[in-house]
Structures are given as C-alpha cells and as structure tokens.
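Chains: A, B, C and D, in written order; residue numbering restarts at 1 for each.
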Amino acid sequence: MIRVGVVGASGLAGGELIRLVSQHPELELTFLGGSSSVGRRPSELHPGLRLDLGLTVEPVTTDLSGRCDAVFLATPAPVSAELAERLADQVPCVLDLSGAFRIRTPELHERWYPKVRRRTELADRFVYGVPELVGEELVGAPLISLPGCYATAITLGLAPLVLGLGLDIRTVVVDGKSGSSGGGLQLRTPDLHPLRSGAIAPYAPTGHRHAAEVGDFFGRGKPGTIGSLSMSAYGVSHVRGLMASSYVFTDQEVDARQLQRAYLRFYKGRPFVRVRRHTETLIPVPDPQAVLGSNFCDVTALHDPEGGRVVVLAALDNLVKGAAGQAVQALNLRFSLPEETGLAMQPVMPA
Amino acid sequence: MIRVGVVGASGLAGGELIRLVSQHPELELTFLGGSSSVGRRPSELHPGLRLDLGLTVEPVTTDLSGRCDAVFLATPAPVSAELAERLADQVPCVLDLSGAFRIRTPELHERWYPKVRRRTELADRFVYGVPELVGEELVGAPLISLPGCYATAITLGLAPLVLGLGLDIRTVVVDGKSGSSGGGLQLRTPDLHPLRSGAIAPYAPTGHRHAAEVGDFFGRGKPGTIGSLSMSAYGVSHVRGLMASSYVFTDQEVDARQLQRAYLRFYKGRPFVRVRRHTETLIPVPDPQAVLGSNFCDVTALHDPEGGRVVVLAALDNLVKGAAGQAVQALNLRFSLPEETGLAMQPVMPA
Amino acid sequence: MIRVGVVGASGLAGGELIRLVSQHPELELTFLGGSSSVGRRPSELHPGLRLDLGLTVEPVTTDLSGRCDAVFLATPAPVSAELAERLADQVPCVLDLSGAFRIRTPELHERWYPKVRRRTELADRFVYGVPELVGEELVGAPLISLPGCYATAITLGLAPLVLGLGLDIRTVVVDGKSGSSGGGLQLRTPDLHPLRSGAIAPYAPTGHRHAAEVGDFFGRGKPGTIGSLSMSAYGVSHVRGLMASSYVFTDQEVDARQLQRAYLRFYKGRPFVRVRRHTETLIPVPDPQAVLGSNFCDVTALHDPEGGRVVVLAALDNLVKGAAGQAVQALNLRFSLPEETGLAMQPVMPA
Amino acid sequence: MIRVGVVGASGLAGGELIRLVSQHPELELTFLGGSSSVGRRPSELHPGLRLDLGLTVEPVTTDLSGRCDAVFLATPAPVSAELAERLADQVPCVLDLSGAFRIRTPELHERWYPKVRRRTELADRFVYGVPELVGEELVGAPLISLPGCYATAITLGLAPLVLGLGLDIRTVVVDGKSGSSGGGLQLRTPDLHPLRSGAIAPYAPTGHRHAAEVGDFFGRGKPGTIGSLSMSAYGVSHVRGLMASSYVFTDQEVDARQLQRAYLRFYKGRPFVRVRRHTETLIPVPDPQAVLGSNFCDVTALHDPEGGRVVVLAALDNLVKGAAGQAVQALNLRFSLPEETGLAMQPVMPA
C-alpha cells in the first residue's frame, strides 16, 4: 500500500481527495493536514463521508518523514508554495493542486500570481501533470503540479489540434462556464445561494489565469503554435462541472472528418478522455452533467465552415478530472500503477 | 383604450403577453387565439395568472376586423407567415414575435427558415422592431417584426460600436447562454427536468439563426461594418434570462474610457437599456438574474487589451425584453404612447 | 402622496420594499435607513434596481419627525424593538416586519425571542397585521406588526376552518418548505450555493417560532380552537417562495364540497387570497412558483378521508405576501387606500 | 461471476443498474432487454456511460434460460407482472423494481394497482426485499420484490420504533419531498424544466401508494403496531434524492436519549443505514444531498416534547438505495456475497 497524506482536508478538493483515496485499492490514507480544522474527523467536515479512518486533522506543520509516500496539497497557492519547499525533503512525492507551480515562465507567474513567492529552482523541478500529455515524465517524479480545472479542459481540447495535427492557430477565444463548486466554500456574499442560483455571473470577463497557464504550456511544446489566446469565464447555475468552449481560428485547411479522426487517434488508449460525436446521445455532448463524479473529460471538435473556425468543446467535473481525480491519476502513473486504478467510476447521471 | 389580441395564447410568450397587457393602463385585451387551447381561460393555461378577463381562447381563423386595433402573433414562424398575410387586411397593426419576417434578405431567410414561405412583398413591409434603433419607423407602422431574444441582446450590445462609434469590426465571436424557457414548452426528452437541470447543453455550437438576423440587420445600416460573425449557443441550468457575450476584434484603436462614454451616449434617454459598470454592484453585471421579469437589457463593454479585443456583455429576460415586453414597447411607439407605458416594473431579484 | 421610509435598506426585504414602493402610485420614498450601508444608493445595494430616487442610505438614528408619514422596519427583531420605541413618537405609522411584536403573550414571546426586550405596553399597542383577518383594525393604526412568512401562509390556510367553519381542531401538523431567500443574505457556510443547491435541509425539524405565532393568534380569536400545533421546516433548492402544508385532524365531520365552499366564501372579495382547485391547471397547485413576484397567497383544502384528515396547502412568495407586499397591503388599509393599490402585479412564471 | 440481465435498459433505474453492475466485481452483464430501445448500445441511451460491454438491447421476449443467473426488472408494473410470470421459470432469480409485487394483501394491491393483474400464488412467493429488515429470507430467494423509494425511506425510518422498541404508534403523518428523477423520463408537460424548476409541486397530497406498501409491511410484522398512516408527497426543485419526514404520535413515553440508542442498536453492523445526529456536520442532516450517488440511507429520530411527537427523518438517493443500489444489495445477499460488494462508493458531494 502507498501511504498518502492530504493537506487542506476541509476544502472541497480535500474532501474529494479523501473520497477517492478511500475508494482506491492501493492507497492508504495516513495523514490529514489542516489549520482551522485541526482535531476534526473527515465526516465532521464533509457531511457525505462516513469513513472509519481513525484519523483526525493534524497541523500542516507536522513532520511527515516516514509517514507518507506521497502528499497531496489542496491548499491555497501561497500555502502550497511554502509547504512544497518543506515537504520536498520529507516525502518522496508532493502533488500540488494549487496554482503555485503551474506557470513555469517566471514573468508570467508573477503577472498572474503576484502574491505567490517561490524559488525558481524549486519551480523548475515540478512536472506539469496533464497525464495524457506529458508521457513518461510522471514516472518517479518527486514534484508534480496539477493543472487548473479550466486549464485541463482547454488543454485537452486543443492538444489534438496543436500537438496532433500541428496546426498553427492564429487566435483562440475561450469561453468558460462553471458551477459554483469551482469557487470553493469561502464566505462571499455573491456566492450565497439566493444570488448565485439563476445567475450567469461574468466573474472573469477579460482574462483568467488558467488561460495564461495554457499558453505557457503550449509555448513549451511542438509542433503547432498558438498566436493569441483570450478567455472569459462565467459562473452558471449548477454546482459541479465545467465546460470550456474554444473557438479556434486558423489559416490552415481543416474539415470535419479530419478533425474527428485526429481526435480519435490522439486519445486512442487513454481511458479518461472520451472523444464524442456531438449528437451521439439523447442530449448534445460534451455536457458536464454527463461526466459528474467521474474522472472523464469529454471532448468534441466541430467544424464551422461558415464561421471560418473550429469549435472545440471540453467538459469535465472540476473536482475530479479538474482536481482530485487527476491528482490520483498522476499519482498512479508516478508509482507505475495502471492509470485508472481507483478511478473507474462511471458518471452519476442524472443528478 | 387600444384593443389588442394575442394569438398563441397557450405558449410561454403568449402567457407573458397576457400578463403584460393586463397590467397596461392603455390596453384592453379583446381576443385570444389558439388551436389546441380553444375554449380555455387564461388561468387554466397559465397557473400564475388569475385574471377576470371574460375571455376564452378562440380559433386562430376568427375574423378580427373591428375587434382589435393590434394583434400580437406569438405563434411558430410558419403559422405567423400565414396569419400575417390574412390579418394584415383585418387589423391596423400586426406584431409578429416569430422569426417569419425577421431576416429581410430573401436568400438568407431561405437558408435559415427553409420551411417558412412568405411573400417578399409582404416581408418588405415589415419594420424590424428594435425600438432603440429604428427611430421613428415604428410610429404608425402596420406590420412589425420583433427580433429574436438573442438577436435583441447581441444587437443592443454591438450597436454603440457599429452605429455609434462607426467601428469596422473584423470578427465577432458570440457565445450565448440561455435558460430553459427559451425553448418553450414542447415535449422533448432533453428538456425534461432531470436532463436539463445541471446541464450546459451546447444545442447550437456552430451557428444560430439569430446571428444571421443580426448580420442582416447591421448589413442594412451604417456607418460601421461587421466582417464576420459566428455564434455558439448553450442551454444552462436556470429558467428565465439569457446572456450574449460578443468578443469583438477590430483593427481600430479603442480604450476603456472611450467605450464607456460611447455606450452611455448611445443609450442616453432610452429607458430600457442600462449601461452598467461591470463592478458597480455586489454581483458582477450584466447578469440575467438582475433583469428578471423586467424589460431592461443590461449592457457593458469591457476593454481587453491583452486579448486584443472588446468584450461586450448583454443580459435580458428572454420572455420580456426578448419577446413580450419588447413587443409591447414597440406597440407603445406604434401608437405614440410613452415608451415605458405599462412596462415600468423593476426586476424581481433574487428569484 | 404618502411619504414613507424604509429602514434596513440593504437586506432582501428592504430591497423588495424599495421595489414595491417605487412602483406604488400613492407612495413617495423619502427616507432610507441602515447601518453598514450608510451613504450607498439603492442600485448599489440591489443589482436589479435602477431607480433615480435621489436618496442614499442614512443612519437609523436619524430623526424622522416631519419627514415620513409611515416607516417600514425591515430590521432584525432586536433592532426593531429599539427603533419602534423611538419612532412611535416621530411618525404617524410604524410597520415592523420583524418578529419583535408578533407574539402578544409575554411568556410565549420570551420563550421564542429571548433576546428581544420590549415594553409590554408598547407591544400591546401593535395591531397584528394579517390584512385578510383583522378587519378594520388597521385603519388609522399607529403601530403594525407584520406576520412571519410561514405564519402568514399557515394562518391564511387555517382561518376558514377555525374562524369560518368554527372547527375544533385536535391537532395540526405543519410541514414547511421554503427557498433560500427566506434566510436573508447573512454569511453562513451552509447557505453557500454549493451546499444549499440540491439540499432538503431540515433546519427546524422540531419547532419554529412562526408556529408559536400562529397558535398565539388563533388563541385570541373565535369561534374554533386548535388543540395542538407542531411544525417542522425545511430549506429546499430554490430561491423564492414557500409552501406550508397543514395536516389537520378534527373529530368533526367535513367533506370535500363543504371545504371548497367554506374557503371560497371566507375569501370572497379578498383580492390576494386565491382559493384554488388542486387540479385546475397544468401543474398541481398551490405551488410557490405560481405566485412568484406577486402578492398572492394560493390556498387549497383537500379532504383525505382515508387519512382521516384535511390537507391544507398554502403557497406564497416569502418576500412579497410573506414580507414587503403584505406590509404595503397593510399600509394601504392603514391609510384607507384600496387594498390592491400598487400591488396588482401578476406572478412572473415560469422563472 | 454471476451473470445478470437488466430489463428496461433505457429508463433511469435501468441506466443506474447498468452503472452499478458494471462496477461490481462479481457480476457480469449478459443481457439488456427493452422495447423501444432494441438494438441500441448503453452509451447511446445514457449519455454518462462509456462502457465496452459488447451488448445491445434485445427484445424483452428473449428466452433467458441459460443466459442469466439473475434478472432485474426495471419495467413498469404491468410489464413486470407479465415478465415475472414467464422469467420465473427461466432464471434462478428475478428481482423486480416495480410496484407489481410489493403489496402482499390482495385487496390493498387492487386498490392501489388496479391495472396490475398478477396471480396471487406468484405474488406470495416474492420476498419483499428491504435487506436490513428481512434477515435471512433473501438467501437463495428465487423472487424478490424491491420496495418503492419512499417506502424504503419510511420503513427504515420507522423500523427501530416499531420493530426495535415495539412502540404502538397511534398516528404517523408522512411528508415526502423528492427530486425530479423520481418521475422518470416520461414526456409530461409539468416535468419540463421550466415548470419543474423552482416548483414545490404537491403531486400526491392526500395519499401515495408507497404509504400503503409501508402499512402492509408493518402489518405483517411484530412487535409494534401502527394505527394510521397518512402521506403527502411533493416534487421539489432538484434532481436526485428524497427525504421522508415521519411525524410519529404515540401514547408511550420516549425521550431523546432512548431514541438515539434504539436507532444505533437497531442498525448496528448494517453498512448502509447511517444513524446520524441532526447537528453533527456543517449542514443539518439527514439531507439527500449527503447521500447522492451512494447506497446510504441516513436516518435520525428527534424528540419533540412540545409537539408531543417523534420526528423521524430519512434521506436516500432514490435511484440507488431507493432502486438500483438496493436491488444489487439484495442480489448480494441472495447469492451470499458480502452485502456491500460493489456498493462501497461514498456520496458525491457537493453536486
């Protein structure tokens, strides 16, 4: 059994990590870390959970040497930056779910995370963990930075075009729509149910740091390029799941059949990315309701010849494939387990 | 009192027309038309209404000569095309809420409404009724075609750029998000509550006829131009209200202050378009929840220098400013009443 | 014009009062009072409102002598208790929407509102304002206490049995279901959208002070009696509107026809209580969605011979008939205006 | 591996059975039956599922001799009545999820299921499968009738009082609140999203056949008794999960501590019934959102001395513990597998 710790046990991603780790046949939860929740049991923090783990939350400052083989950090970025520095010496593998180590380019990091101080040396050692795209890099990696929920969807949506077909994209316009769980459980008036229910709240209309993260990632790769990428993000009236719509403009010729083939080929054998035909089911997909509770990311690329563009849709559960599930998937690869170990649950739908 | 009729009394737009007409101090409802609902009272069809109008639904074939000064058609486009032809000779003013007469260019009409046969002569006599934009044309008009709900939001959002600043726009990418009431009450499995709740359903990802309508409208005007306009539309998990996001790319220089001033100037004195600062309230606006039940359209234009674009947000209640309310507003102008007569209700929020 | 003030301008009931007063033809808003919101304009506090009232929020300590003919207190009960004491001498009519003066019996008040100190003399001068039930008492009244939202629904539901038919009821079991707006906009973790959406939260399973209020009210009246009344209350997954289900057990004989007749007779001529047949529309009613935004209370009494009981259903919009609307209705009667002045809006449905 | 078939593959319960069977380590899906969906693959019918089962839907008339060890019937009651008759001879175990065989007393069955003809001999052979209550009866049973979703919650809620404490209950008043998935996917106007969202729809205000089922079950048992049981049921504005509130009046003395102890003792060692303290987590429980996607039923009994009653709350996921999950649980016991095999998933929350 691989012994794992979860720091940030009281948050939504922390709760989801506890849920997934407890259902995983090769993992044993040996540490829960937090600050305001020290001393609490998981079921006190997360009303859905009923687990006899014999664990209560301990201070984040606890020394984990010899107690954990891997630690998940589901903490705010400034906290993660600090903890990673310290835990890197205590445990064989640190998996950070925050934004602290996602953007590699220092200037870009400072532009979007001005309050997150980190050592560049440390940052350079992190593998950016989109498991479908980084190949063997995760095996044995000591430090893994998990992409943002939107970044995961956008990146998985665009990769077959940029990395598969090698397109040179002039412009991508991203429109993101997400449920309220993406904002966590901080006490903010606009997140109260009466104001968030029924809303289409343009909370980041002219830019989002996940877009910067995507640009930074593709800027490191080949063969294709992305000229410019802009993004707007909206909170809509459900709880779990997001949709990233990428409107792609390129001067190269593409057609519907070529797109479908490229996507199928690119994700062949990858268990968690489902290339879907837009009309294959009774509801149009991708749609986040069709991945709820699962680690799937559904993607489709549609040709819009009249609009002179490719429409890429990607939907995922922001707490699973966009956070805790992807982190477990990365850990599986890190420890050379089959990728889908403990993650084979089908979506809960309708919900 | 102006005597008005409502045809299509059992649908959502029909119900909303009955609600608004009954609250209007200068209008008297003298006719309700329908087919499957003949013989029913309004309160049987619309559980919210409790009105002693002494009216039941009559067949759409009823001769209205001498009974109505104006008739609203809240019928499917093919039915509207037929009824308009006949009623044009019976009543002084026909206001059509369907798509039958929205697109003026014949080829474009046929492309998007292949099943809606109409005489070009008749179509040419219709005024396209965005009250804020067509000036005096509505006064005395015998035939008025009301814009689609999305078309209203997009057009009001872009007009200050195109018609006010006279920009030449290279590309507009429109992303539309709407509640389930936009689809009416037809029995379709994907519209059942278990499947529609929690969804982000990409029902028109590569094009929407309201976009064609917008292009057709601006193509007739001056001084600015729109090079290309593409649109994707999504159903999200609430009932009433929509948001149209227009991502505008132009080679001309614009800045935030100029945008704000241009929008304020363009809509000065227009009671139903509210130019909003994105951050002026406790929730980011425009947001359709902040216009619910009212005839307001909230608009904002944001400068995104990093993305090289202008982000235009427009939110409205699809059943009021996007349908019945705008129709009453057009009727007010048609009969030279003050524009806001019977339409001064403030939004019901939160709801 | 009657000059009115609203204290507690930033809350949900305060916002609804501003909405209704601004649409009322005989009222002029001359004062807004608050504490944390001093200096703000209404549209800054309530994103839906766009009103040029020329008013900003002033401190609650402002002397209102000569400025207002009536003042609404939409403040927490302890604040209302203090303000009423002071304002009683400054303005001709104080209308309190809190629980400070609802329960007349001192012991019962102390049991349910232990932190609300009030002078018994002052409390005795308040008229308990269910407009449909207190007859002429409101005319000219200087002090009016508005019932709680649940209390209004339960009382209007039971009155035709107790006061109309004069039944002696053995037991009433009340089950209340309400939307999240009933809880206001205080920052509490369980009221955040991710936790409140999809919930059926038993927040008051063994008792609710509105039930005490109902018992206190009927205890003062005649001819019928209520032996015992228990209540459980649940928060469900919508925003606006509540349903009170009263399961009534009596040893006297009743039948369906007698019930229907008794309810119709009792509320004959009362514009805001709609006695509905359960099956008269396409959705079963009463249902709070069918009264949204309006001042209606829909009631039905159903005979359940197999269960040996009468099932009374009452639905209303908790912010209108359950708060601001009923307060304006009471003010209308206080100043001898027609009861429905400014309150004739039909429900906004679907929403 | 136990070979199982699912008849009624296109419905919500059918989809949930496919989900659970595919995640079960000891079951192999070897047959899918249906009528309108013949020839379709599971992922075409259920947008969430992505399973390579190599199965398509076959006609319900298919002979299953030698193909299945157990068959689930997720079909309407009249269809189940027919199929059970035939399949009883073809497969070792038939598990019926419909109401066809739930009520044992013939007169009561005819009163509530007038259209469901069944042979009394066949009906008498069915075990009524609340796994927590029927002990060893399920082991080896050839015919199992699964309780209704509400019946499961009510029965599990009352059993510690009736069967554990042996109380003689005078009256139980049940108030049921359920999400829209309880109604399946039939095309009915009131179930369309615009009308079902935001509703509190009293769809069965004076009685529900699940209440008859509960009475029939407890009437067969001992030691306690239930004098009368009435029920009202409401559809509320979420998708998955229900709450059954039972208001229990008894002449015997009970207190809070005794209740808590009785419930803990009664369900000791039963993995799927969680006896919860009402206030043990950050949201009040039981609440169906805290069991979503899982096979848990959360129960609490609260003493209400002022109301002279016991308030019993029980929450479950109507598609899991209220349908497919409980059916798999019964099958586990039938084939002497550990009760929780394949059902150990924790709730997905928030969702």
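The working rule: a residue touches a chain if its C-beta (ideal position, glycine included) is under 8 Å from a C-beta of that chain, and two chains touch if they have at least 3 such contacts.
Everything numeric in this text was worked out from a predicted model, so none of it was measured.
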* Structure fact -> When A-B and B-C are ranked by contacting C-beta pairs, first place goes to A-B
* Identity of the chain that, by mean CA position, is farthest from chain D -> B
* Asked: Cα centroid separation between chain A and chain C, in whole Å?
  -> 46
* chain B and chain C: spacing of chain centres that average the CA atoms, whole Å -> 36
* **chain A-chain B separation of Cα centroids, rounded to whole Å** => 38
* Structure fact -> Contacts with two or more other chains occur in chain D at residues 12, 179, 181, 189, 194-195, 197-198, 238-240, 282-283, 285, 287, 289, 292, 350-351
* How about chain D: which of its residues touch chain B in the complex? -> 12, 179-181, 183, 185, 187-189, 191-198, 238-240
* Residue numbers on chain C that touch chain D, as the complex places them -> 171, 173, 175, 177, 179, 189-190, 194-195, 197-203, 205-207, 228, 230-232, 234, 236-243, 245, 247, 249, 278, 282-289, 292, 302-304, 306-309, 311, 313, 315, 350-351
* Provide the residue numbers of chain B that touch chain C in the complex, in ascending order. => 12, 15, 19, 22-23, 43-51, 181, 239-240, 274, 280-283, 285, 287, 289-294, 296, 344-351
